[in-house]
Each structure stands twice: as structure tokens, then as C-alpha cells.
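Both complexes shown next keep chain A, but they swap its partner, so chain B is in the first and chain C is in the second.
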Partner chain A sequence: MQTENHLIRKPSLEKLFNYLIGNGKTIYAPKAKGKLVFFDNVTDFGEVTEDYIVTTNSAKSVVFPRTEKVFSYKKSKESTEIIDAADNTYPDVVLWGSRPCDAAAFIPLNNTFNEDYPDIIFNKRSQKVLVLSFSCSYSDDYCFCTSVNGGPGNTTGSDILFTRLSTGDYLAEVITEKGKLLVTENNSLFEPKPEESKEQNLALIKAYFNQEEIQTKLQNLFENPVWDEKSRACLGCGSCAYVCPVCSCFDIQDEAHGHKGTRLRCWDSCGFGLFTLHTSGHNPRETQGARWRQRILHKFLYMPNKTKVAGCVGCGRCSRSCPADINILDTVTSL
Partner chain B sequence: MSNPNIYIPYLMRIEKITLEAPGVKTFRLKFENEQEADEFTFKAGQFGEYSIVGVGESTFCIASSPTRKGYIECTFRQTGKVTNALASAEEGDVIGFRGPYGNTFPMDEWKGKNLLFIAGGIALPPMRCVIWNALDLRENFKDITIVYGARTVADLVYKDELAEWRTRSDVRLVTTVDPGGETPDWKGEVGFVPSVLEKAAPSSENTIAIVCGPPIMIKFTFPVLEKLGFKEENIYTTLENRMKCGFGKCGRCNVGEVYVCKDGPVFSYEALKLLPAEY
Partner chain C sequence: MKELIQKAASLLETNVVQVVIGYGKGSADRTRAIFSTTAADCEQLIFDSRCIQNLAVYLTKAEIKKMGKPAIVAPLPVLRSILQLAAENQITDDSLVVLGVSPESELIEFESLAAIETYLATKQIAIEEKYQTTIKAIKAMPVSERFAYWVKELEPCFKCYACRAACPLCYCTRCTVENNQPQWISVASHSLGNLEWHIMRAMHLAGRCTDCEACYNACPMGIPIYLLTKSMLQDVSENFGTYGPSLHRDNTLSSFNPDDKESFIR
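Our next item is the complex of A and B:
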């Protein structure tokens, strides 16, 4: 659909939030915990903070939770019964306060979970998520969305994008039918579009590199000292993958309680040494350098070659969270 | 797969267990659900995820031939948590199976050709599927040669089938064990697979070579095949990368732009050379 623009005043935002709560939606929004801000389940508008560049964790868990039950079972000597988790009803979720980078990440996530073998649990969750994003009016040195075809006011992946104007009110860009439905249901809160332009209210984020150029360069950089050099400090902790909004590698683990239990799909990371270790002891990616290379090549070469969409949205979370201060931007710009 | 939830396994009853070698067992599995049994098809080279619910899943090839209907077989060595749990299962028990996954050996393209199978140790099972498939359609192929080696005589798997292949006039079987692995009555070769292959010197003329074994064996076998005159496009192998999902999502078996589970596990040496050496 064609984007529709409206004005929504600050007090009306709270009314919109309360409308969603009143309709039984589960809302995930930025919430302060000490000095950090996390996406968390929020029931009161007062809990929502506006003071963040991006949250510490990404928003991927609304469609790809840290652990997802794929089935449960009951077992006896005579029989095994499998109870399909996909028959569950998944919650109506509103992601409130996602940044354009968070919203953009749903595109590559969706690509991965639907390539050849559609993941019905992922899809059932996705269908029930309404993405209400807020443009970035400021950024930090870790942000680089403009280098990976994104931007502080990018609408990709959002249902509605709000941009804060100089008056304190918001421009609401309604991008999808899902977003339009919410506007229709709350018609009185949305006013005719404002005069003030969106662009002047957006953060200025430097373009450090061009994704397509990096993609071309990486074709011939498999054997290169840069991988070992840039990953020497890596602890192999996997934080980068856990906070990444696009990383979707997973493990499958069983949890048994007597004769009952569940099979779970759990977050994993290509940064872990065990990730590729064969039973024989052979490990195709033996060094942390090889694992760092895999992370970069997968995001900036393999994924865009295959789907035209890179596996990085430039949110900078991996660099902010790295205990060894390894910076993805530093690696990519040094190529 | 019939269930729209790709993580749900078929339930399979263990019909027969064969002890192949110390710590190595073969399971013959039958579908619990008849409709699933009727709908299920696979081709040589494909694999599955075998599981004990409550313990976990493990990846092995389907070791039986698609020409043998009504069941599938897998052969595995007890090494970790899941294979140990599987090994303690008994005939009549129910286990989980997801599959078939992956690509297949292009057996239709091999019609009218000689087939040379080279396997080491526990890597005979993926090859056994192809061998029986070829033997069951014997008229489609010319000479069939099998070179198989293991560390010791005890470690050779499918001993009854090796005995059968040895007596068949339409199969040339060369078995070998590593030096020191022979017994006093051992009548086969003593030596590593690559050197025994070189000595056996099968003709590369109109021949497809299928190699499966530990990485070190594969590494030394490819040069021998090239020396014997085999072209890269006529050499096939099947990769054994660690896997979890089997359908190209969990990320573990990603090598360059391919997922071994989905784009493989079968690769020609020609295709393999285009991949980074991360297998």
C-alpha cells in the first residue's frame, strides 16, 4: 500500500498504547534497567523510556525467542506421544519503540526461516506481531545503518514509523495494512499530516562503507590475515550473536522431566568452538579467526549473494556488547 | 515431510538391531504410521535426524537402499550422548526420525558406467546405500569395484554383506586393514586405503569413483584417483559436517555459500574444489 502520513500528538501516543493494552496485546517496549535499556514486556506507558539509541538486546525474540518449544512429548514403555507446539496460540504482540534497524532485521530473519522449508512456528509468531517503530533523532559512533542500505528514518519492516518533530509531537507514517487497521480503530488520535519535514528531525549517520562494494571485495578475501588480526582478542563468548537482530543460528536440545519433556530450538553462535566440532574431533573452523571470518562472510557476502539482503542492519549492538571491544565496523572498513 | 512443523519427527519402531563392530550398530526401522510409510520416499545419498526424545537428535545417512521398500536402516557408532542413548534402545522400541534431507548421488547419470566405491571405517554406511542400489539395478551398470578399509578386522562393518559381495562374480571387493590391525587368519590386504587403491589400480575409463571416509583418508585418496586418470567431475564424495536442523537454518554446516545439509551432502570433487576448505 501507499504510505499514509498523519500527525499524532504526544498525549495521544499514550492513549494509543493504552488502547493496545486494553485489547489484550502483549507489548514489548524499551524499558530502563539501571543504566541499560532492554526490550521487555511492558504494561504501563510510564515504564517505556525514550532515552535510548538502541536497546541492549535486539527485538528478534518476538519472532525468534531465545528458547522455543518445537514440541513436547509424553513417553511410556509402550508408546511415545508427540504434542505439536505449532498448534499453540501465539500471543498478539506489539513491538513498540523498535528502531528502523530493528524493523529492517525482520526481512533477513524472514528469509532464513522461510527458505525452502518454512518454519511454521516462526511464521505464526511473525503474523501476530505489529511493529511500531520510532525514527532515530540521535545516534552514536557504533551506528552504521546508512552503510548497509538502512537509515535513521527507514520504513522497511515497520507497520507504522513515528518520527519525533520539533514540537514534541510525532509524524506517523503508516506503511502496511496492519498499521492502517490500527489507525482506523483509533481515528480520533490521528490528525492530518504535519507541515514539518521528517528529514530535519533525523540523526545524521555517516556512511562508512558501501555494502555492495564490501560484498565484491569479500569474494576474494577468504585467505587474509585480517581475520586473525581482528579477532585476536575474541573470547568466543557469543555475545555478538545473542544481541544481533539478524543472527539466527540455533541449536536443538531436549529437556526431559521424567517421562515428559520438550524439544527446544535455542539461540546458538558461530563464534563458539563447539558449533562446528565433529564427533571425530575434527573441527572445520578451528580458530577464532576462522569463526570471525565466517561471521563477516555470512552477513556481508553469503546472505546478500543469495537473497540480495545483507545479514547486518548496522545497529552496532555487537560492538557495543563485545567484552573484548571488537568492532565489526572496524573489521569491515579495514578490508 | 507430512507434518507442517518441520521439527516433528516420524515415529519409527526398531524392527531389528545388528551389532556390526565394537560400538557400531545397525537399526532397521519401520514407520509406526502406515500412511507415512506409504508416502515416504528417498534417494541414495540422503540422510536424516535420528532421535531419542528427551535426549536429542543425531545425524546419520540412510544406510539402506531405496530399492528395498518398507523400511530404512541406519548404522552408527556410539560416541556421544545421543548415540549412547540410541545404542541402549532395544528391538521394539520407538525412536524419532526426520528426513530425508539433502541431495542425492546422480545414479541416473551413471547408467552404463563402471562404479568404484572407496570407503574407510564407519563411512561404509553411506556407501552401502549406493552399493545396494546399484546391485539391485545391476544391469544399469558395468563393473562394480569396492575398496573398503578399517583400522582393524573387528572394525569392518557389514561383515555378512562383505562376505556376500566377495562371492559375487559381478563385484570386485578389496578389503584392507591398517598395519597392525590384521588377525592371523586375515586374507585381505594390509595397508591404508589410498595405497591399497593405488595397488588395485582400477581403470578410470568410463568410471565414476565414489569416496567416503575420514577427512584424512579423503585427502590422500583424491591424488591417487587423479593419478589413476580420474577427472574431477567423475569423483564424488559425501560430506559429514556437523548438523542440527537438516534444512539449512541452524547454520552449523554452512561452507561458503552452501549448506551441506541442503545443497549437499553429495558433492563432486569438481564442486568441492570451489568451496572454502571448511569441511
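Our next item is the complex of A and C:
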């Protein structure tokens, strides 16, 4: 649909939030805990913080939780009963305060979960998520969305994008039918579009590289000392993958209790040594360098080759959270 | 700092060591581990209050061991970990050169691991009062309340295992959580799985943890896991009278003493 622009005043934002709560929506919004800010379940507008660049955790868990029940089963002498989890009703979720990079991440996530087999659980959850994003008016050294076809005011993946104006009020860009429905239901809160331009209220984020150029370069960089050099300090944890809004690898686990049990899918990470360890004891990715290469190639070569969309939105979470300060931007710009 | 750089460079030039594990400039205002292999590389070495990562974790990493004999820049927490690793037969006098850094940022050269023990005897581990107060308050809670407290605190854990990866004493090549026949610890990061993981980790570190807080510093979710290890350190001290690493003592929970005060053990 054609984007519709409106003005929404600051006090009306709270009214909009309360409308959603009143309608039984589960809201995930940025909430401060100590020095960190997390996407968390929020029921009171007062708990929502505006003081963050991006949250520590990504928003992917609203469509891809860290532990997802796939089905449960009950065995008896005669038969085995399977109770499909996808028959469940998933909650109506509102993602409030996502950044344009968070919203953009739903595109590659959706591509992965629908590549050859439409993932029923992922799709059912996705249909019930309303994405209300807020543009970035500031950034830090870790942000590089503009290098991966994104931007501080990018509307991709959002249902409505709010941009804070100099007056403290917000420009509301209504991008999808879902967003339009919310505006229609709350017509009195939305006013005619403001005069002030959006661009002057956005953070300036340097373009460090060009995604298409990196994709071309990577075709011939499989054997290269850069992978060992840049990953030397890597500790082999999974924090980069787990805070990443696009990483979607999972591991299937059966938790059995006698004759009944549950099949779960749990987040997994290519940074772990166990990830590719074969039963024979052979590990095709034996070193952290080989694992770091996989992470970069998957995001910047394999995913764009397959679906035209890179597996990185430039949010910088992996670099901020890395306990050994491995910096993805540092690696990509050194290629 | 100049002294440290000169010493590191000379160790590489004379081929006493093949790599120097130290701190260098990192992203934004952070520092990061750097691995110098030439005297020129050593110019990048820095040391200041931001250098909090415990570099001893690299002494047991296969990728780093391949680089040859290391020298390691070692402020207090790193020295303690080195001593504990030595007590556990992971390193010997011949396997590394320790470039100690005093709390005043001065270079201290150690002749041997025993010399580190002598030095550390004057720098006992002390659990800050604010943590002691918190631990005391948690222990005073009724069981159900304490259980609820930990379920809530551990809820954000998504099992990235950064705590394990950053810990110099978590050097097992195959962790208990990676055993799946049988599956001792649930892989899922639901509340049971998270509790199992953190209890197991704390127990494996009881009597070994040197209170460096690397696990907490590494945790992306900011979970106060240091409360578990600090509390364990206190318990071991109270029950076994040992505190901190030593070359002359067996590990508290993996040694047997015929004079043990518990009768069931005899």
C-alpha cells in the first residue's frame, strides 16, 4: 500500500499503548535493567525506555523463541498420540520500540523459515506480530545499517514507523494494512502530517562498505588468513548468534518423561565447536577461525546469493555483546 | 608500560616465547586481547583499568597453543587463574612466561609459579561487603522464595555459554552439557534447564573459582552469576578452611582426607 503520513503527539503515544494493552495484546518493548536495555514483556507505559540505541537482545524471539515446542507425544501399547504445537493459539504480539534494523531483520528471517518448507509455527507467530518501530536519532560506533541497505529511518519490516521530531511529537509513517487498521481504530490520536521533514531528525550513520561489493569479494576468500587473524581472541561462545536478530540456527531436542515427552527446538550457534562435530569425532570446522568464516560467509555471501537479502542488518549487537570484542564491522571492512 | 613492551619484545626477539598474550586497543572505548608474534606487534600493548578480560582463558585454547610458547600479561585476577591452572596440572613452569602487572600497573617478573604463589599470599581474595550482604540476604530467604529468586534472575539466560567460554577454569574440551548419551543437563533454556546449567557450573567451580568475575563480565544479559561463585567461595572457606589457589593443596571437592570431619565418608 501507499505509505500514509500522520502526526502523533507524545501524550497520544501513551494512549495508543494503553489501547493495545486494553485489547489484550502482549507488548514487547525496550525496558531498562541496570545499565542494559532489553526487549521485554511490558504492561505499563512507564516501564518503556526511550534511552537506547538498540536493545541488548534482538526482537527475533517474538517469532523464533529460544525454546519452542514443536509437538508433544503420549505413547501407549496401542498407539502414539502426537499433539501438534502449531495448533496452539499464539499470542497477539506488539513489538513496540523496535529500530529499523530490528524490523528489517524480519525479511531475512522470513526467507530462512520459508526457503524450502514453510515453517508453520514461525508463520503463525509472524502473522500475529504488529511491528511499531521508532527511527534512530542517534547511533554509536557499532552501528552500520547503511552499509547493508538499511538506514536509521528505513521502513522495511515495520507496520508503522515513528520518527521523533524537534517538537517532541512524532511523524507516523503507516506502511502496511495492519498499521492502517491500528490508525483507523485510533483515528482521534492521529493528526494530519507534519511540515517538518523526517530526514533532519535521523542519525547520521556512515556507510563503511557496500554489501554487494563484499558479496563479490567473498566468493574468493574461503582460504584466507583473515579468518584466523580476526577470530584469534574468539572464546567460542554463542552470544553473537543469540543477540543477532537474523541468526536462526536451531537444534532439535526431545525431552522425554517415561511414555510422554516434548520435542523442542532450541537456539544453536555456529560458534560452538559441537555445532558441526560428527559422530565419528571428525569436525569439518575444527577451529574458531573456520567457525568465524562460516558466520561471515553465511551472512554476507550465502544468504544474499540465495535470496538477494543479506543475513546482517548492521545493528552491531554481536560486536557490542562479544566478551572478547570480536567486531564484525572490523572483519568485513578488512576483507 | 614501556617496561612491559620492552620485556615482551625481547622475549619474542630471543625466541624464549613465540607469542605474547596481552591487551590492545579494541572497539570504541574497549580493549581486547591481542596476540603479538613480533617485537613490532608489542608496540600495540596497553594496560589500564579497562583491561578486565581474564587472559588466562587463552592458555588452554587449542588455537592459541598452536602458536607456540606464550608470555602472558597478568594483572591480579590473571595471576590467580594461572596459579589455579598450575594446581590443576594444566600449565607448568616451562610452559609459559608470566608478565605480572601490579595494581600500580608496574611490571613484575616471576621466576616461577611458586613465586606467584608467594606474591599472591599478600593479595588475598576479598569478597566485597556489598556482595556479602546480598548473599546473606538470599541465604536468609525461605527455600521457596530463594527458588523463585533464582528462577527470575536466571530467566534471561539463553545459554550462549559466554560465562563458560570466558572462564579460565572452564577448559574441558567436552562440557557436561555437551554429553547427550545420557543427556545430563537439559539443552533448552527454560527455567529448569537454566537452573541445571548454572547450578552445575557453580558446583564445578566450587573450591576452584578465583573470583575474577570473567563470567559476569562476559554475560550479554547481565545476569548476576557472580553471586553463585562468590557464595561458593565463602562456603568452601567456611567448611574446608581453604581460600584461593595454591600449588600445595588438592582441590577441595576432588580430594579425600582420612581425617574428614564428616563420618559418612570413612
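The definition used in the following text is that the second predicted complex is superposed on the first by the 332 of 335 C-alpha atoms of A that agree within 3 Å, B and C clash if a C-alpha of one lies under 4 Å from a C-alpha of the other, contacts with A are read in each partner's own complex, and residues count from 1 in each chain.
The criterion applied here is as follows: contacts are C-beta pairs under 8 Å (C-beta built on N, C-alpha and C of every residue); 3 or more make two chains touch, one makes a residue touch a chain.
Quick caveat, the model's predicted, so the values are computed rather than measured.
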item: Partner chain in contact with A:Ile121 - chain B first, chain C second, else both or neither; value: first
item: First, second, both or neither for A:Ser319, with chain B first and chain C second; value: second
item: Partner chain in contact with A:Lys25 - chain B first, chain C second, else both or neither; value: neither
item: First, second, both or neither for A:Gln294, with chain B first and chain C second; value: first
item: Partner chain in contact with A:Phe222 - chain B first, chain C second, else both or neither; value: first
item: Partner chain(s) touched by A:Arg9 [first = chain B, second = chain C, both, neither]; value: neither
item: Touched partner set for A:Lys198, first chain B, second chain C, both or neither; value: neither
item: Which superposed partner A:Leu235 touches (first chain B, second chain C, both, neither); value: second
item: Which of chain B and chain C A:Lys180 touches, first, second, both or neither; value: neither
item: Common interface positions of chain A, toward chain B and toward chain C; value: 251, 253
item: Contact footprint of chain C on chain A as seen in their complex; value: 33-36, 38, 56-57, 66-67, 140-142, 228, 232-233, 235-239, 241-243, 251, 253, 255, 264, 266-267, 269, 272, 274, 287-289, 319, 321, 323-327, 330
item: Residues on chain C engaged by chain A in the complex (per definition of touch); value: 26-28, 30-35, 53, 57-58, 62-64, 156, 158-162, 164-166, 178, 186-190, 193, 214, 217-218, 220-222
item: Residues of chain A defined as touching chain B within the complex; value: 70-71, 73, 75, 79-80, 82, 84-86, 112-113, 115-121, 222, 248-254, 256, 261, 263, 265, 268, 270, 275-280, 282, 284-285, 290, 294, 298, 302, 305-306
item: In the complex with chain A, residue positions of chain B that touch it; value: 3-9, 11, 51, 53-57, 79-80, 83, 94, 96, 214-215, 240-242, 244-245, 247-257, 262, 276-279
